[in-house]
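These are the structures in question, set out in turn.
Presented sequentially are two complexes of chain A, the first with chain B as partner and the second with chain C.
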Partner chain A sequence: MSALLDKKEGAEHLLMGNEAIARGALEAGAKVAAGYPGTPSSEIIESLAGVAKETNMYVEWSVNEKVAMEVAAAASFAELRSLCVMKQNGVNVASDFLLHLAGSGTRGGMVLVPCDDPGALSSINEGESRFFARTVEIPLLEPGDFQEAKDMTKWAFELSEELKQLVMLRSVTRLSHASGNVKFGTLPTEESTARFRCDGFILDPDEGVVISAPVDYKHSQQHEKLKRAKEIFEDSPFNTYEGPDKPELLIITSSACTLYSREAISILGLKDRVGLLKMGTTWPLPPKLLTRYLSLTEKILIVEEVLPFLEENVKVIAAETASEIGIKKFYGKNDDTIPMVGELNPDHVINAIAKILEIDYLPRPEEYSAKTQGLAFFGAPQRELIFCPGCPHRASFWSIHNALELDGRKGFVCGDIGCYTMALLPTGFTTLKTVHAMGSGSGLASGFGKLGQFGLDQPVLAVCGDSTFFHSAIPALINARHHKSDFTLVVLDNSGTAMTGFQPHPGLKVNAMGDNVPDLDIAELCRAMGARVEIRDPFELEETRETLNELMEDKEGLKVLILRQICGLSPEKKAGKKYEMAINEEICLGENCGCNRVCTRIFRCPGLVWDKEKQVTRLDEVICTGCGVCADICPAGAITRKEAV
Partner chain B sequence: MKIFGPNELLEEVINKNLCIGCGACIHLCPYFRSYKGKTAMLFPCTLEEGRCFAYCPKIEVNLDELSQQYFGRYYEGGPLGNYLSIHTAKAGPKVEKASFQAGGTVSALMSFALAKGHIDAAVLTDKEGILPVPRVITDADEVLQCSSSKYSASPTLSALNQAMTDEYKKIGVVATPCQVLSVAQMRMNPLEKEDFTDSVALVVGLFCTWAIDFRAFAPFISERVDITTITKVDIPPPPSEIMEVYMGEEKIEIPLNEIRELVPETCSYCIDMTSEFSDISVGVLEGRPDLNTLIIRTERGQKIVNESVKEGYLILHDIPEENLEHLMWAAGNKKKRAFVKAKEEGMINTEGDKKSYLRLQSKTVDEITG
Partner chain C sequence: MAGTQLPNDPYNIIITGVGGQGNVMASRVLANMLVKKGYYVTIGETFGASQRGGSVMSHLRISKKDTWSPQIPKGKAHMIVALEPTEAIRVLADYGNPDVKVVSNTRPIHPAGVLAGDLAYPALEETKKTARGISSEAWFIDATDEALKLGNPILGNIIMLGALSGLDDLPLDKEDFREVIAKSIPQNKIDINLKAFDLGRELLKQ
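On to the complex of A and B.
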């Protein structure tokens, strides 16, 4: 049984932040959870899906974040507790519904968990979800450690029910993906019943119509809820202070930055000089509490990721209470004491404190720094982002790249979000020329495909994965077809949401909880839109390339090429190799004219290794997945394949 | 011969639109490929010297070295190059009547060479629709499938490279002047490979004044006829000045001055109308659509022609003086025009790091352009 279901109150488990959030939802008795996969958020839904049967929950990977929020909201409207989970930019996808949901209010406790990715460790943005809380005017909580991740999640449901409002609980990568000890509370035993009451008086929050109108009334209701939240937050145990009564410097922080700040104070030995106010309830800020702590000192440093959200909100309170608390000197992102961009760490906080308090601090001897930098520069092997051995995307982009080069009309590919985003890099032959939001490749291509009128004569291509296709490429394709936009979409169908860990999507016969469900066929959907559809195996390089060239030359509107090959890391693939590969070193041309290491210099599957001494390519049999593609790359016939037994 | 690598080829030839798409750099390596008449470099290659550059007829062609190699003398710049004799010719009774252009001399020569084992493979140019497609033919009966002229540039030499990779030892090739120039460079083993053998046993060169860019030709012709119904394209010998496009029995005529618009710029630098580095050159005969002009240039060319005549594959006659004069006039004009243009643009005998299109004795350049 999953540790998440441990019934023993006070039991302690080492949990990942995301698991702690899942346990919090379980302790709150959440019945419905929906999300869309996205690092660093994915383990929350996965953890809940794993225990859905035992807890009689309904858990789904929705088609996209907006639908996830709608699915979760329906449960709330039917008086169940519900959770919806997404990565930071997922909130943008859901934001239109979010605005209206904040206006209509909720019934059963509903919590939105966005997991932000400061430093964009697994993203192509470091977007902030916290501003949405302020924009749509809902309460925002930020756990500062693993215990709080669990405890605040549970509390968030209670708060939501008390306010009849959605509550946002924001995590970040270092909280979601790091692990710490969590002491458990109790799991509820009573069952919940779903019932949607909607026949009452129109303005009745419990039985009326669920809508954000009449706007003036509902909006004012929303503000009443925020005022109430402020009152509650004034006494919240999740806002804590540690440090002297009269600190020289007050650090105000939240989330994972609490840990960095605490460590920085400790390393500098400044526990008697620096105070640390950790805020768990970051919107709306409780003004009395803030005023109290701002009064303690003149110098305030605000430490947070990524944008100066807390900083701005604290400054508003400081301005409003200036006559009472006096003029303060603020340090933070706006004055560059803390970097505005990227993830923070204890060093950043140490540097900030040292600068403010004029302390000489050298994290390591200069000599040592210089030596390590030198060693790293000259000695560390080049390790760039690269597709896995046997990855179908490598083969797909090989063919796409070659088709474009042969076509010769400077055609280009609009990229999208998935492992294949790496085709911006040499591993995908730098094939992608734009990458934005999910589904945007198709939308951009739909636009480029209408520019012929203005002389654009370059062939337009877009790529998207199978999950992205369902998530948001479909409306763009419908748009393209309807407006007779001329482009070719290549669907890189590797049968799963591979990048985030093989979560199922509507194209598969299984759902998050392992149930059998109907699968939707991408080819049939595209045909229904009226697109010309071709399906190929990307491991058949020449056939794929030929098809692409033909599609690019076909000027008639929307074309779709589905390249179907399961991800090399999928359990099916890992179970066995299709081919046993071999390299004949006698035949290998190496760096000679006629090859010049095309396999290890250009194709660069990690299963192929350049032997500098022998000047030949070797096979790394341990990581080779036996896809067989490199045999078709080798110009000399030195790489051969035979069917594996 | 100055030899550089693929990057210089890309920079000096392909990016400057000087590539005619002859196919000399195709099928040597994974990097250069031809698609619908255009040569593309798929991925960067870092080699400082490559066969791609060495074989290219558009860069660093040392006419003196080539002439020394094949004719034992410096390049002299005569309108027709070096030759032993010039005749009119047509296919003999041994050759099945096919839809070849003019006298069918080329088909006759290749059929004979294959049938009698003078060559073990023939590198020819077939077509798919109006797209020329290189072929390696080993059966004499299949030669006629590739008869008839193709007027757009073809990567025929890719098939020669393929035939060499497939280890044919006596290869016959039918090629345009630019391709013949390239073959002459290939046969000199420019990269000085130890295991090199010259496996080209016969070079039949074609007369050519220009070729059409397929990428321009296809849309041009599509505007006029349904491209899939075209059965034959012909440019009758001067003075007709038209291109005939046949769709079975039907025919349309397109004035040649419209077609000339589709000729790539690179053809205007071409100094050779009659494939001067071939064994045998064949072209049309002015005013006689049923005959060819045939130039014998080498001993082995002579031998093949003699035997073809003896075996009934070929019928030869003396060329009328008037035709010969006009041929020399036309070839000389083309050569002079190209030399003047190349010289003016500083593409001949350049010094320092600058790559040269042609290298030859400067007095010869003066004689031709003077």
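On to the complex of A and C.
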């Protein structure tokens, strides 16, 4: 049984922040959860899907974040508690519905959990979801540790129900993907029944039509809800102060930065000089509470990720109450005391405090630091990101790259979001030339494909993964077909949402909860749009390359090449090698071959090692997954494969 | 270890390695063993590059009193467990100090730049010398090689955990280990994991 279902009140478990949020949703009796995979958010839905049967929940990986929010909202409208989960940029995808949902209000408690990625540890942006809470005017909560991740999630449902409004609970990578001790509360035993009441008076929040109009009425209702939230937040136990009555410096912080700030104060030994106001309710800020703490001192440091959201909102309150509390000196992101870009850590906070209070801080003896100078460079060679051994993407981009070279018209590839984004790098032969949002590769290609009128004569290609195809490439393809845009889409179909941990998508026969479901065929969908469709195995290098060159020659409209080969990390692939590989060191001529060491210098599979002493390529049996592809790239035939038994 | 007193509170461990080596699994097992003993444990992890050949680190904070930041401040590690030897050096450069201890695997995983011949990979003896020059003590263990003898290279992690338990800085006993892994691996794999754990302890003493 999953630890998440432990019924013992007070039981203590080591949970990831994401698991703690999932447990909070279980303790609140959430019945429906929907999301789209995205690091660092994915384990919330995964954890709930894993216990859906035992708890009679409905959990899905939706086709994209907007649909996820709509699916979760439907449950709320039917008086169930529901959860909706996504990474930071997912909120952008869902934002049109979000705006209208905030206007219409909710019924059963509904919580939106965006997990932001300060420092872009697993993203190509460090977008901020918190501003959405302010923009669409809904309450925002930010847990400061693992226990709070659970407790505040549970409370968020109660708050949502009281206000009849969606509540945003924002996490970050260093909470979602960090782990800590969490004490459990109780799990509910009563069952919930779904019923959508919609025949009442139009303005009735419980029985009327669910809509954000009439706008003036609904918008004023929304403001009443925010006012009520402010009052509730004035007394929230999730806003805490620790420190002296009259601190020299007051730190105001939220989320994971609470732990960094506490550590910084502890390391500098400033518990008697620096106060720490940790805000759990960060929009709307409770003004009386803020005014009370701002009154304690003249110097205020605001520590947060990523943008100065809390900083701006605190400054508004300080300006409004200046006649009462006096003029304050603020430190934070706007004056560069705290970096505006990247994630924070205890050291950033230590440096900020040390600067403000003019304290010298040396984390270790200078002579030690001197000894480590240059070590990270010379003693530990840099590790560039590479495709895994046996990854189908390496083979796919090998063929795409070679097809473009052979074609010779300076064709280019618009990239998209997934592991294959790394084809920007040498591991994918620097093949991708644009990368933006989910599905944007196809949208951009649709645009490039119309520029022939202005003399653009380069072949246009786009790539997308199978999950990205369903998420948002489809509208771009429909657009391209309808407007007769000329481009070739390569669907890198590895049978799962591989980047985030192999979650299912609509192209598969199984859903998040492990049920059998109908699978939608990418090839059939593309044919229905009127595209020319070819399907190849990317491990067949020559055939793939030839097909691509032929598609690029075909000038008429939308072409789709589906390269189908399952992810190297899938359980099927990990179960065993298809081929036993061998390298004949007699045949490998190394630098004298004339091949420019194509296997180790360019193909760069980590299973192939250049042996400097012997001047030959060696096989690393521990790393090799036996995909067999490298046998086809060695011009000398030194690499051989035989079927594994 | 006799009592449950930590040498430092919080006690800061960094488990480092290369994506795919089982860094996350090793940190979870270790943390759960300590939670069973009544400690607060915080783990901070880098996930994104974890399967893609990048350097990965798990920061563990062990405390009798509180939850600590999931990132260890620079220069404040007490123990570095390296599943790959040059990763020990990379972590020492940022988080080391004169009192830090190091337990490292000896098996190299060559970065793509080294495989391609663009970058040099230091000889093991050189790495050992460097590590010993900037730590209070450093142990090097042929964990992957020994794991291959046991039939699966991934057991290298468990050998490393066994070695860590042999240092007696932390209350890590075999019974806790057995109970923790029994929750996450099939019954028929438990014996081989226990064997790997014991082997780690022995190798440390050699």
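As a working rule, the second predicted complex is superposed on the first by the 639 of 645 C-alpha atoms of A that agree within 3 Å, B and C clash if a C-alpha of one lies under 4 Å from a C-alpha of the other, contacts with A are read in each partner's own complex, and residues count from 1 in each chain.
The rule is simple: a contact is a pair of C-beta atoms (placed from the backbone, for glycine too) under 8 Å apart; a residue touches a chain by one contact, two chains touch by 3 or more.
Computed from a predicted model, the values in this text were never measured in an experiment.
Looking at the shared chain after the overlay, A:162 reaches neither chain B nor chain C.
Legend: residue contacts after superposition of the two complexes on their common chain; A:419 is shown touching chain C, with no touch to chain B. Comparing chain B with chain C, more residues of chain A are touched by C. By the touch criterion stated above, A:402 is placed in contact with chain B alone, chain C being left untouched. Within the superposed three-chain model, A:365 lies in touch with chain C and out of touch with chain B [touch as defined at top]. Look at A:379: by the touch rule set out above, it reaches chain C but stays clear of chain B. When the two complexes are overlaid on their common chain A, residue A:550 makes contact with neither chain B nor chain C.
According to the touch criterion, the shared surface of chain A, contacted by chain B in one complex and chain C in the other, consists of residues 601-602.
Looking at the complex, you find that chain B touches chain A at residues 28-31, 33, 35-36, 38, 40-43, 45-47, 49-51, 191, 215. In the complex of the two chains, the chain C residues touching chain A come out as 18, 20, 28, 31-32, 35, 40-49, 51-55, 67-76, 86-87, 89-90, 92-94, 96-98, 109-117, 119-122, 126-127, 130, 133-134, 144, 148, 153.
Touching chain B in their complex are the following residues of chain A: 401-402, 405-408, 429, 549, 591, 593-596, 598, 601-602, 633, 635.
Against chain C, the residues of chain A that register as touching in their complex are 12-14, 39-40, 121-122, 145-147, 173-175, 177-181, 256, 259-260, 262-263, 267, 345-347, 350, 363-365, 368-369, 371-372, 375-376, 378-388, 419, 422, 426-427, 569, 597, 600-602, 604, 606, 608-610, 612, 622-623.
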